[in-house]
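Each chain gets a letter, A, B and C, in the order it is written, and its residues are counted from 1.
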Amino acid sequence: MPETHIQTAFDRDLESIQATIMKMGGLVEAAITDAARALDERDETLADAVRANDKAIDDLETSVNEEAIRVIAMRQPTAVDLRTIVSVMKVSGNLERIGDYSKNIAKRATVLTQMSQIHDTSPAIRRMAQAVELMLQDALDAYIKRDPKLAEDVILRDAEVDQMYNALFRQFLTYMMEDPRNITGCMHLHFIAKNIERMGDHVTGIAEQVVYLVTGSLPADERPKADRTSFQKVAEE
Amino acid sequence: MDDMRITERHLDQKDIKIKADNVQVFYGSSHAIKDVSVEIQDKTVTAFIGPSGCGKSTFLRCLNRMNDTIDICRVEGQILLDGENIYDKKVDPVQLRAKVGMVFQKPNPFPKSIYDNVAYGPRIHGLARNKAELDEIVEKSLRRGAIWDEVKDRLDAPGTGLSGGQQQRLCIARAVATEPEVLLMDEPCSALDPIATAQVEELIDELREQYSVVIVTHSMQQAARVSQKTAFFHLGNLVEFGETGQIFTNPVDSRTESYITGRIG
Amino acid sequence: MSDISASAAGLPGKSSLYAESDRTRRRNAAEKRFRLYGLGAVGIGVIALVCLLASILGSGLSAFQQTYLKVEIYLDPAIVDPNDARLMEDPDAVRAELSKVLTFGYAPLIQGSLQAQAEELAAGPAPEITPQLLAAMVSSAAPTTLRDYVLANPEEIGETIEFDFLANARIDQYLKGKVTRESAALDSRVDVAQLNAADELLDLGQMEKRFNWDFVFGPDASENRPEAAGIGVALIGSAYMMLIVLVIAVPIGVGASIYLEEFARKNWLTDIIEVNISNLAAVPSIVFGILGLAVFINFMHLPISSPLVGGLVLTLMTLPTIIIATRAALKSIPPSIRDAALGVGASKMQAVFHHVLPLAMPGILTGTIIGLAQALGETAPLLLIGMVAFVRDYPEGILDPAVGLPVQVYNFTNRADPAFVERASGAIIVLLVFLVIMNLVAIILRRRFERRW
């Protein structure tokens, strides 16, 4: 199939919309890394910067949606073009949510810097954030390259993030049971971990859109779910 | 792709009305239709799309043997209408065309009154025994053509004095007046403005309840709007034939995809 | 893109819309010139037409008027009926007996009647007039007229009857201003004294110009009495021929074109036929005359000079025109009409006869009438099949000898007497009137059938 449309303006529209997505992806990746670093390094300024940057991400999402609607109205895309536009809208939604989670992490990081550090959980959180960030990178890569293999890989890697979250969940439970003074900190940390886990889910969503975009159907089998905290009970003494 | 049609486009498996088997059409030495096999369902709108010169109109005209009027045109293979081969030697094309009506690209009412336009077919086929019956047929056909209300007060007015959209609906009424089973439409809206197009498209959707409608169109949007099944022709080949929703969201063949997304002409 | 910007860069600056550029000026000038050429062409055409009409009307209109001389004649039984045949019982016997006095014998009657008149004139305005000269002012057809009258009315012998005799062509021409005293002086067939007498008789009311129905409906006359010549025989001959062309050429031509255009397969045979029809339309008409001579007269032994042969030859000549016009008319009907008819299940023939033919009718009629008009004006082929003969008797059927109007014109122009020039032009006017009428009919029919719905 030829790469270009007969109407080159259509190609330009699609390219610009996808460039916006990539720009958004870059901002979101940075937001994840920075939020995790702000937490780890107790850097309040960085945390504030992350919170401030979220506005830019939201604006980009709005502009992607507007562009997408304009393209639908004016060019009546079909088949792969239609799927591109639909996936762009969904991916931008996912990215925006990830951005929101990063902002939430940054907020909690600001609170946590005013407390004493609880053991050494933040490096683990940072590792988890890194894993998600890598997944996001790969998902966006897969999107640009229209590579469903890579996307499937990303989907599978979500299980690792879930595992890390499970581990952290148990850790926080233990700390809170050891010393009730840890509860405030641990609750914040837990929400941070939960946020990162949700980010992973959204990255998975993006990867799924890649698969849909290329093949025309969503991945058939259920993705592996490793988040078992919903079934976790406090170990009774 | 069942998930694509939660909406009204529910497709039951219907009877096969026309079955084409390995149809080949030659214009002199050029091979216009290559080995086309297709099954057209009853009470369904089937759209033929494809670039200009891909053979979709040629194939459509094979379905009621309009190609017979072209001396150098030769058709091989068989086309079964309700199981009977329409290219059989025993078949009289005139009789066939009463069963398989046709509507053309340009609205072409006869330069006669609206009444005579519709009454012509029934007259030559002897469908009415007297004037009253003929009146009834004319009214019924004009109603089916969704134009009765607009012309009932001026049946004696010339058919060519109507607007383009009305003329085309008059032509459809004329086509249904002979009680056909299949309606062939060769780009019926290409000469019409968008409102008239919408009216004709609405009419096509209504006709689906009684007829098997086959429509050739240059507008892919139109195919998407009115048809349940779509066939994509390219260079005389039937490239892809399937459910319209599937063709327009996720075509199987890359040529189909290129065409409907506007990457090849 | 790049050349546009390059040429834009090449411009000295932004040009104003108000200022006419050189290119535009040249273009506009060229356009104006072309319009002038067109106007010039149309003008030349109009001038040519006006000249033609003026010359023909100028010399021909007078043919419709003829000078008559009133003469009172005593039908002297001693001259017209020396044997007293009028007293016999049997009308046939009367006639037979009266016929024994030849036309020549009636001439003295006329001269005698003019005796008193001549003396009166000789005493007055025309001193050199003699009874002989005065009698010569009457057409040499007059004795014939007189004799015919006597033969028809033998009971009036012995009575005095007033006759309107045709005046001699010279006198007639003099009164129409075409013979002058100067030309008369050189002419052995007219005397200046006669001209003086004519003036006087005109004043006296004994001579007058009247509308000449005999020219339109009367038969031709011999070379030395142009005043009696008419085109009636030619009119009838042409009418017969048109009838034959209409009856034979139209059905054959229209039928052939319908078949060729709508039914015949397009192959080398039809191609050849098509080329040949086009060629036939361009074949000089005299060739058709030769063909007619060979086939209809020499081979089929149809009577020579008859309207039947003329009509057949003209049919052959007109057929290609009709076929070409009809095919063009059929071709101009959009195929969508045929498709529409076939699409509702009409057979090929129904499609053609119910829809295509009615729509093509105006074109077919126009073509046919133009073909007929062409046939009406054709001379050459008729010359070859003997229709150029001098015919005085009205044809009673299509097998009797006749002439055609254009041939009559040719005949008139061939004759020595200058008075026939007027006759020829008069005949041309009649011919033109017929052509105009036919074209009008074509236009009216086209309007009638051309119901643009």
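Methods note: a residue touches a chain if its C-beta (ideal position, glycine included) is under 8 Å from a C-beta of that chain, and two chains touch if they have at least 3 such contacts.
Nothing here was measured: the structure is a model prediction, and the numbers come from that model.
Asks: Does the chain-touch network form a line, ring, star, complete graph or other?
Replies: Topology of the interface graph: linear, an open chain of contacts.
Asks: Contact counts by the stated rule: is the higher one at B-C or A-B?
Replies: Ranking B-C and A-B by C-beta contacts puts B-C first.
Asks: Quick one: chain A and chain C, Cα centre-to-centre, how many Å?
Replies: 103
Asks: Cα centroid separation between chain B and chain C, in whole Å?
Replies: Computed from C-alpha means, the inter-chain centre distance equals 60 Å.
Asks: Per the centroid of Cα atoms for each chain, what is the distance between chain A and chain B, given in Å?
Replies: 51
Asks: Residues of chain C that contact two or more other chains, please.
Replies: Correct list: empty.
Asks: Considering only the defined contacts, which chain C positions touch chain B in the complex?
Replies: Chain C reaches chain B through residues 265-267, 334, 336-348, 350, 354-355, 359, 451-453.
Asks: State the interface residues of chain A toward chain B in the complex, per the touch definition above.
Replies: That would be residues 1-7, 10, 76-83, 216-217 of chain A.
Asks: Taking the touch rule as given, give the residues of chain B at its contact with chain C in the complex, in rising order.
Replies: Listed in rising order, the residues are 64, 66, 69, 71, 94-95, 97-98, 101-104, 106, 108-112, 120-121, 124-125, 158-161, 171, 174-175, 177-178.
Asks: Which residues of chain B touch chain A once you look at their complex with the stated criterion?
Replies: 1, 220-221, 224, 248-251, 254-258, 260-265
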